[in-house]
Amino acid sequence: MENKQTEYALDIQDLAVEFRTHDRTVYAVNGLNLQIKQGQTLGLVGETGAGKTTTGLAILNLIQTPPGVITRGSIFLQGKDVLKMTTNALQQVRGKTASMIFQDPMTSLNPVLTVEMQIAEVIENHEHLGRKSAIEKAGEMLELVGISKERGKAYPHQFSGGMKQRVVIAMALACDPELLIADEPTTALDVTIQAQVLDLMKKLREKNNTSMLMITHDLGIVAEVCDCVSVVYAGKVVEHGTLEDVFDHTLHPYTKGLFNSLPNMNDRGAKLKPIKGLMPDPSNLPAGCAFADRCDYATARCFQSPPALVHRTPEHCVACHLYNEQNIQEGGVLHDV
Amino acid sequence: MGKYIAKRIAYMIPVILGVTLLVFFIMHLAPGNPAQIILGENATAEQIATLEHEMGLDQPLLVQYVRYLGDLLHGDLGTSYSSGSSVTTEIMARFPYTIKLTLVAAIMSLVLALPLGIIAAVKQNTWVDNVSMIVALIGVSMPIFWLALMLIMLFSVKLGWLPVYGADSWKSIILPAISLGFMNMASISRTTRSSMVETLRQDYIRTAYAKGLSKTTIIMRHAFRNGMLPTITVIGLEIGQMLGGSVLTETVFAWPGVGRLMILAINARDTPLVMGCILLMTVCFSVVNLVVDLLYGVVDPRVRTMYR
Amino acid sequence: MKSSEPKTSSASDFSAAQKTSQLKETFRRLCQNKAALVGLIFLIVLVLLAIFADVLFNYQATCVKQNIAERLQWPSVQHWFGTDEFGRDLLARVVHGSRVSLSISFIAVAFGLFVGGILGAVAGFFGGAADNVIMRVCDVFLAVPMMLMAIVIVAALGSSITNLVIALAISSVPTFARIVRSAVLTVRDMEYVEAAKAIGVKTGGTIFHYILPNCMGPIIVQTTLRIAATISNTAALSFLGLGVVAPRPEWGALLSGGRNFIRDSGYLACIPGICIMLTILALNLLGDGLRDALDPRLK
């Protein structure tokens, strides 16, 4: 454990990531800010391609170069900037200070190694145990995620998708990380298995008081697991607040759109209102607000300059030209159009 | 696993039978009369007819084939037309030389090719990668016999370091092994590189990095075994190539192996001897492929499950 | 590119109408690959040289007529590649030799591709007994190392150019049959093929308009690499005295002829070998480039 606790488990300042290929540059993350308080869970919500996974990978400095380049910003993990670390220091951080659960359990396990071996090697690496005791502890981790120890000798292909994701979770939690980054941990799973895996993650998080970054596009998961929410669009946070702030005092038209595209159980006759259009081409982002093209409330100003953050409460803030210091307190700017 | 091996061996038998049938009939398309060849130009028609009858050559081809198969079951490959001794003896005297040459060449090429391919993949798009892949590309493009001649020109004729031909000392094997193995080295290192590049892109490699493992551990423990799978297949095919290539190398260097024996037999129209050589090489090739298949199972647990 | 994006599937399902644009796209990507382009240009020049060999060098005057006064001369301004033991210009013989080497290889591979392609397509498309018989016969052929198979066939038929072509063609049939079969199998169960069958397109139509165009990739690549291997094998067989025989110029035969003079006239063996090597190199570069250009996963 860290002896001097910082306020934030994770503090990302003005992060920008680009992917450069010979014919174009994709601006995946563009000045993203994000904080997670110790022990809290933050939901990072947005569509596919909004830069969520890239952000998650950047936290462990795992972006492949080339083609990826982190062009600016800093990422403080327990107060230390991972982007300035040496390879050695990074290896200490990865899997120990922060670990990651990847989206697709089918491909994120090595097909030729037994699962206990794959869990044990994290332990071996960070806790300096011998192979035998590491394997033993790997067995305990398997039991913890609800897989019997004996199955540890099996290979990934002998497991179902849900079981594999449990293995990945066991691997991520094996060294009691202070921050857990979960990148759409349930997207690749069946609905029934999804609930089990989420439950398991909630339970383990509470047990160890782990901070967590939950990357997802599913607002249901956010409501169930998270304390705070950051909504990303085209590589930027457009709205941030506590769960209540964002769900009950929705400010940004995009966030509103996300809620509108969910079916309403109380009024099944109501029409779904999907957000029109597509996300802008990330290699050719507009000068103004990236959402302006799809926004029902857009004005000429939205196409010209990017909006700055406006705060409703110290926590809850939004990046949208509809709001200023005065009207944001009143709320109710968004009418159904 | 045992059951799988048995099944594979059982499958080899009809294939090899097929090869005997194929080669037997192809060889008997050859113009010229064996009895005439044995007896020489001056033989009378009567002498030829007698010998043909003795050898069973006057019977239908199918009968001859069945007889050949029957003898084969007893390990009898027939009698060489040119030397008059048993084909089995002739071949077995030469076989160790071919094994020795192929083994040395194979080991040499593997020892060089695997590290080269892995380093090139890890240092992808650097000068190390470029240089080794250019060398490899030239290697796969070079005709074996030309390389052999160039080596002789440089090391035997110009420098006088190594013998031009023969198999008298340990020095004699160096040039034949290089010329036989170089192309395989090149092709194995190319395969290794491309499969390692592919493997290093996989999600589980990213997972391994996320665990905080060092690059060396990731390459050796996570990438190597997965990257080996395509390479193993290629190694099997390359050994087949080498058996074919040994005909050329052995001819250039007058290396007393089966490949050279086969060319001599072809020039002497010695059908039983040619058939014996082909059969032996085919069996070798099949056994190598079997071993390669089993190796696949050793490396990849998914394949192992399929075997059961 | 971004790790959250799903991987592009390896077989893109375009309809036959989009075939031309795909060809263009492949060609565009091929042109970006400098090595492949160099290979392609080299091959074009070589083919032109082979076609116009007679314009450059009179066959009778330069390749057949002996000129003992100028025998075994090292490369010079007059004879760029030197002269052979009969005083014939090696450059002229190499240029005429390219004609023989290339045409043997092209014809043999074309024949192998044609026969192997039909067998593979039949095996892949119909499956069942046809598949079984064809593939088991291929297994038998493939059990013998290819070079040996070619040697045996030439040995049995006798050495002549026609027999050499037959031998090389036969020995490449099984490889093509296998590749075409597996390509057809991959494509056969794709949805657009199912769709074509469902709307009542006839079997022949399905094979020619839907299946073959979509499995061209691996076949084109393999053909290129196969030509390279066949040039090498042609030369090897001639070198062993089983293919083209002197005085007709063929690269392998030229190399073989130079063998006896390596002590003092090394260029005689060296130069034809370099020609073989460069040609195979160019084909390999082109083949690699084609494979990359046709692989939708590599961008």
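Labels A, B and C are assigned to the chains in the order they are written; within every chain, residues are numbered from 1.
The rule is short, and it goes like this: a contact is a pair of C-beta atoms (placed from the backbone, for glycine too) under 8 Å apart; a residue touches a chain by one contact, two chains touch by 3 or more.
Quick caveat: nothing in here was measured; it's all calculated off a predicted structure.
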item: Highest C-beta pair count, chain pair; value: B-C
item: Chain at maximum distance from chain C, centres defined as averaged CA atoms; value: A
item: Centroid spacing, where centroids are CA-atom means, of chain A and chain C in whole angstrom; value: 52
item: Approximate Å spacing (C-alpha centroids) for the pair chain B, chain C; value: 22
item: Centre-to-centre distance between chain B and chain A (centres being mean Cα positions), rounded to whole Å; value: 54
item: Of all residues in chain B, the ones touching two or more other chains; value: 203, 206
item: Multi-partner residues of chain C (at least 2 other chains); value: 3
item: Numbers and ranges of chain A residues touching at least 2 other chains; value: 57
item: Sites on chain A touched by chain B in the complex; value: 57, 60, 62, 90-96, 99-100, 102, 104, 107-113, 121-122, 125-126, 155, 157-158, 168, 171
item: Touching residues (chain side chain C, partner chain B) in the complex; value: 3, 136-137, 139-141, 143-148, 151-153, 155-158, 228, 232, 235-236, 239-242, 252, 255, 259, 262-263, 266, 269-270, 273, 276-278, 280-281, 284-285
item: Touch list for chain B against partner chain C, complex; value: 14-16, 18-19, 22-23, 26-31, 137-138, 140-146, 149-150, 152-153, 157, 203, 206, 240-241, 243-245, 247-248, 251, 262-263, 266-267, 274, 278, 281-282, 285-286
item: List of chain B residues in touch with chain A within their complex; value: 202-204, 206-214, 217, 221-222, 225-226, 299-302, 305
